[in-house]
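Chains: A, B and C, in written order; residue numbering restarts at 1 for each.
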Amino acid sequence: MIPCDVVYYRPGTLMEAYEAYRLLQIEGKKPLYYAGGSEIITMSRAGSIRPSAIVDIKRIPECMLLSANDEGLHIGSACTLNQIKESRLFPLLGSSCGRIADHTNQCRITLGGNLCGTIIYRETSLPLLLSDARVSLFGSQGMRTVPFQSVFHGRMRLKPSEVVVQIHVPGWALKAPFFHVKHTTNEKIDYPLVSAAALWKDGNMRIAFSGLCSYPFRSSKIEAVLNDWSMPVSARVDKAAELLPEEPYSDVEGSGEYRLFVLKNMLHALLEDYTNGKI
Amino acid sequence: MKSIGKSIWRKEAWDKVTAIAKYTDDLPATGVLSARLLTSTHAHAKIKKIDVSKALAVPGVKSVLTGKDCPVLFGPLLQDRPALARDVVRYAGEPVALVVAQGEAAAEKAVRLIEVEYEPLPFVLTPSQALAEGAVLVHGRPDGYRKTVTDVYPEAGTNIASRYKIRKGNVEEAFARCEAIVHERFSLPPSDHLAMEVRAARAEISPEGRVLITTSSQAPYSVRKQISEAFMIPAGQIQVRVPFVGGGFGGKVPVFLEILAFLASRSVGGKSVRLSLPREQDMASAPCRIGLEADIKLGADREGIIRAAQMTFRLDCGAYTDNSPYMAKAVAVDCTSPYHIENLNCDSLCVYTNHTYATSFRSFAHESYTFCVERAIDMLARRCGIDPLEMRLKNAIRPGSLTPTRVMCTGSLTGNLTECLKKVKALSKWEGGKAVKIKEDTVRAKGVACLWKTPNPPTDAASGALITFNPDGSVNLNTGAVEMGSGGQTNLAQILAEKLGMDPGMVHVVMDVDTRTAPEYWKTAASLTEYMVGRAVMRAADDALGQLRQNGAQALGCPPEEIEVANGRVFSKKNPEKFIAFKDIVQGYKTDAGLSIGEPVLGRGGFMLKGLSKLDPEAGKGKTGPSWTLGAQVVEVEASLKTFTYRIISASTVMDVGKVINPELMRSVIAGGMSMGVSLASREAFVYDQKGIPQTPNLRTYKLLHIGQEPDYRVDFVETPEEGSPYGVRSYTEHGIIGIPAALANALSAAFGREILSLPLTPERIWRAVKEDTDDSL
Amino acid sequence: MVRYEGKTVITLNVNGQPHEVMVRPADLLLDVLREQLGLTGAKPGCKNGDCGACTVIIDGWPAKSCLVLAVEAEGHVILTVEGLEGKAPIQKSFVKDNAFQCGYCTSGFLMVCHALQMQHPDMPEEHVIEEWLQSNICRCTSYQEIRRAVHGMYNNKGL
């Protein structure tokens, strides 16, 4: 039961959605773009957010697109995690999607919602940070398409009233060797202690993490160390663990110290698997 | 036997898979007002001011209640708990105000507008803190509260709500002669029942003052009694109904929500009001499982015979006692686990803290003390160089042994532990249980633990059963037992069918309890349904059989002693070919000529416990329960020495259930208990922050086992009948949990080579323990 | 563009029938099913999407009805446990294999299993079964019984 009164908008076009949202903002309302809704519903029930209007983007054709062509893969922001996983078009992203929440919720949670939500893990961002993905946003200037990395810094940095429409992933990334693992406290259905995604381009490993710090990140410094084959595995692992962008995250799921321990074991396994040709 | 020993389907099975089974909050809500709670945001604070004016102004709000609206204190043993906090809050989550409104949304809106001004007080979060010199008192005068029983002993000027003592033999002398001694401190955090159905209750009061309460409760007759006494309403004016209950595990024994629903209804002129707790409040506000700290010292001789034990248990009962003092008593009564120990000192304390208050939880604290004692026994076995399972065989309680409270054991009274241990050894492929390396950095190991439990009901607990017949010759069974999943109704149907010599399919069990129509049963708790209600059912069946024989004798023209009842027929032993079918005789008999013979058959049976006693306060001598159930359990793990993660491979239980009534039902209920033990031991805990605020009151951050991590559960039985119990069956429904936390911890201690002393067994905690060990040795 | 403010009448397609209901935009599908349509098979267990007791099937896929607004469900095909009418293979399997005790989580599990069979008419690999069923929590059984019931649903299809 959500106690607050909400106005519900279901636009059929991007322009309708944007206009409705913009007008609501001008009126001083607190609108939210709404896709899968799981986070908005639970937080509204708990009283931690009180949106006065929601703009449901699930019937906007551009947001529902899921297709691959010569340029690569195009994923509408309102595609569910389960659709992405079942499509098998981008195995690394599919693997990430398959470990967020649980299966039933994966049929609800959308790519856009996972990226734009307030829960800190945003695990779908990891494959996108690694794959030179681009993102289409609709706002005051109409549609703009920019590198994903230019608008995602721990979370999406959008312009006022802007809505995420699509993600574009270049073709090479869809077939590239990859690695994905998510470690939790000890229950499979849980937030990550450490979730890592790696993708290889031209023999170089790219890697991004969630759960390790208070936001998801990709680090060129860590990548440089891990790709330095002149150093033994354990030295690379230890070095990489010293290069986090901030102190490791600590909460009831696990202490920062323990997350580092998990990270090191995980990097060990990753590098060994790679060395042994298992990836 | 025709019915006993058969795996029939649950009587309510089809109702449950088609959603015909209705639970409290499934009843129509049209025209029913909704109530919502505001709860404390402090672990311990004075309430300086509550301003409800904004809440009252919300459209649809009918009333707002606070502590001043109900001066009565509640509690089944010690009346220390207000319905809504008065002047002071003693735990984060404590109910502070109650809003009644048209619709949940209006009620919740109003709740968020209530302004409470608190003045924080110091608080205590563990029994050790609460017992420390100068600790803040959770209750100013615990000894000043009214007691409803004589054997609860709050200590003035302390946080001790009660204390029980066992003094047996000469402990000091015995320790002096021991070859091996272990002395360790153990701890378990509080956790939650987490029945899938949140607690829910409804109340309405008719204009002439009749009270109707519908509730998700294991104890409808306690609801009637407590409401009657607290509000001075004659018990006959109160009707309590319990439809299906979505899991209880002890958590729905306390009378809690019913009081609030009653107050809510009373505040709006008796209109029907529903109160269903959001999951977060069901966890943080409603009673939870106790936490426990224990100091255990055990000593053994050269042969590995345990000669002496010194134990102190400190139960964390949270802010209010509820029935925790009796859990402290129950721990003392069974404190040795099922082993014969001649010299024993035990102090079991029930300690107030500023946690959510606790109540009975599946096995009544046995899972907690068993963890401590069975871990200590493993450590002692290691010190003696004896296989832990052999150690248990050597010390197993047997006929002639004395329990801690000096009850003489017999096969009927306690069952056969030796047989359980031998059987579980084979079932689990024990082979010593030591860690075996199966690949690089990976070992497999097993741990064993025994269990036993005697219930602690009031010495005069009673039950009843009514039997009526249908025109097709089938029978209706009506008892006060609540259907909450533990299968009692199905077992009772089989007991009745066996006794009446009919197909269990012809027994219809009334699933709901209505205190107006169902004969009173103490409460559906302590796994006593098969014993207590079962005995009433046997008597009701005897009563019905007597009447059938009377009718049969008259109809068949022979003496009643010659009449036999079987296969749904009444006949003379001398001439079985000439019979009368049940359908033609249960409402009396009519001859072809139309002559009426005999009377309609109505079976009734009642039963009251006999021969139980309170513990004497000095040495703790006495018999608190009718009998024991015991068993042995083994858990096998595969553990990574590198990552400290582990997988539970198998879990085995062999339990002496007296008599197997329904093999599959009994197996599944015991396996369910084991599963709860695995979940509890491996991941469950209430985590509090530095201000004493619970951090995980929801199903996202509070971990429960999901499918995919379950081990291979193996269950087998030993059958040593309990004299006087229907067909010899023992209590068994809660017991599957008892030894699992200990067995798992024993397995992991063997795997990691480090003695585990606390729960839950998360990889991080194991990693930290091993790391600290290593750091110390450096 | 659809816009709903305050109480509005919408039509929901539930168990093969159109139903008119009057809802606030913030009303959850779970509450509307239970309180307006009397379909109490979907149970509130956490109202946070964590326990799965409120699972229904929307357009052939499992959905936690506590995480769906009633207004969103407009135009979709909703199936609840009542719509199975006791005829779904999984219902018989649950009875036979003792896959529940208190019965409170049962409807949710049944709907996940039924949706699994809709999407995977032939028995999928074990890890797929686990993935789907990990969306739900059962506090009474050991899960072994539920797993057995799912196998039974596939193995006794013709019965």
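Details
Throughout what follows, contacts are C-beta pairs under 8 Å (C-beta built on N, C-alpha and C of every residue); 3 or more make two chains touch, one makes a residue touch a chain.
Since the model is a prediction, treat every value here as computed from it, not as a measurement.
When the interfaces A-B and B-C are ranked by how many C-beta pairs touch across them, B-C comes first.
Among the remaining chains, the Cα-based centre furthest from that of chain B is the centre of A.
The mean-CA centres of chain A and chain C are about 28 angstrom from one another, to the nearest whole unit. Mean C-alpha position of chain A lies 44 Å from that of chain B. As a whole-number value, the distance joining the C-alpha centres of chain B and chain C reads 30 Å.
The set of chain B residues touching two or more other chains comprises 105, 704-706, 708. Shown for chain C are the residues that touch two or more other chains, namely 24, 26, 47-48, 134, 136. Shared contact sites, meaning residues of chain A that touch two or more other chains, fall at 1-4, 188-189.
Residues 104-106, 108-109, 112, 280, 642-643, 645, 682-683, 687, 695-696, 701, 703-706, 708-709, 762-764, 767-768 of chain B are the ones that touch chain A when the two sit in their complex. Put simply, chain C touches chain A in their complex at residues 1-6, 24-28, 31, 47-49, 52, 55, 61-64, 66-69, 71-72, 112, 131-132, 134-136. By the touch criterion given at the top, residues 1-12, 16, 20, 36-38, 41-42, 44-45, 54, 56, 58, 82, 98, 101-105, 107-108, 188-189 of chain A touch chain C in their complex.
The part of chain C that touches chain B in the complex is made up of residues 24, 26, 34-35, 38-41, 43-48, 50-51, 53, 80-82, 84-86, 91, 94-96, 98, 100-107, 110, 130, 133-134, 136-147. Contacts from chain A toward chain B in the complex involve residues 1-4, 46-47, 185-190, 252-255, 258, 261-262, 265.
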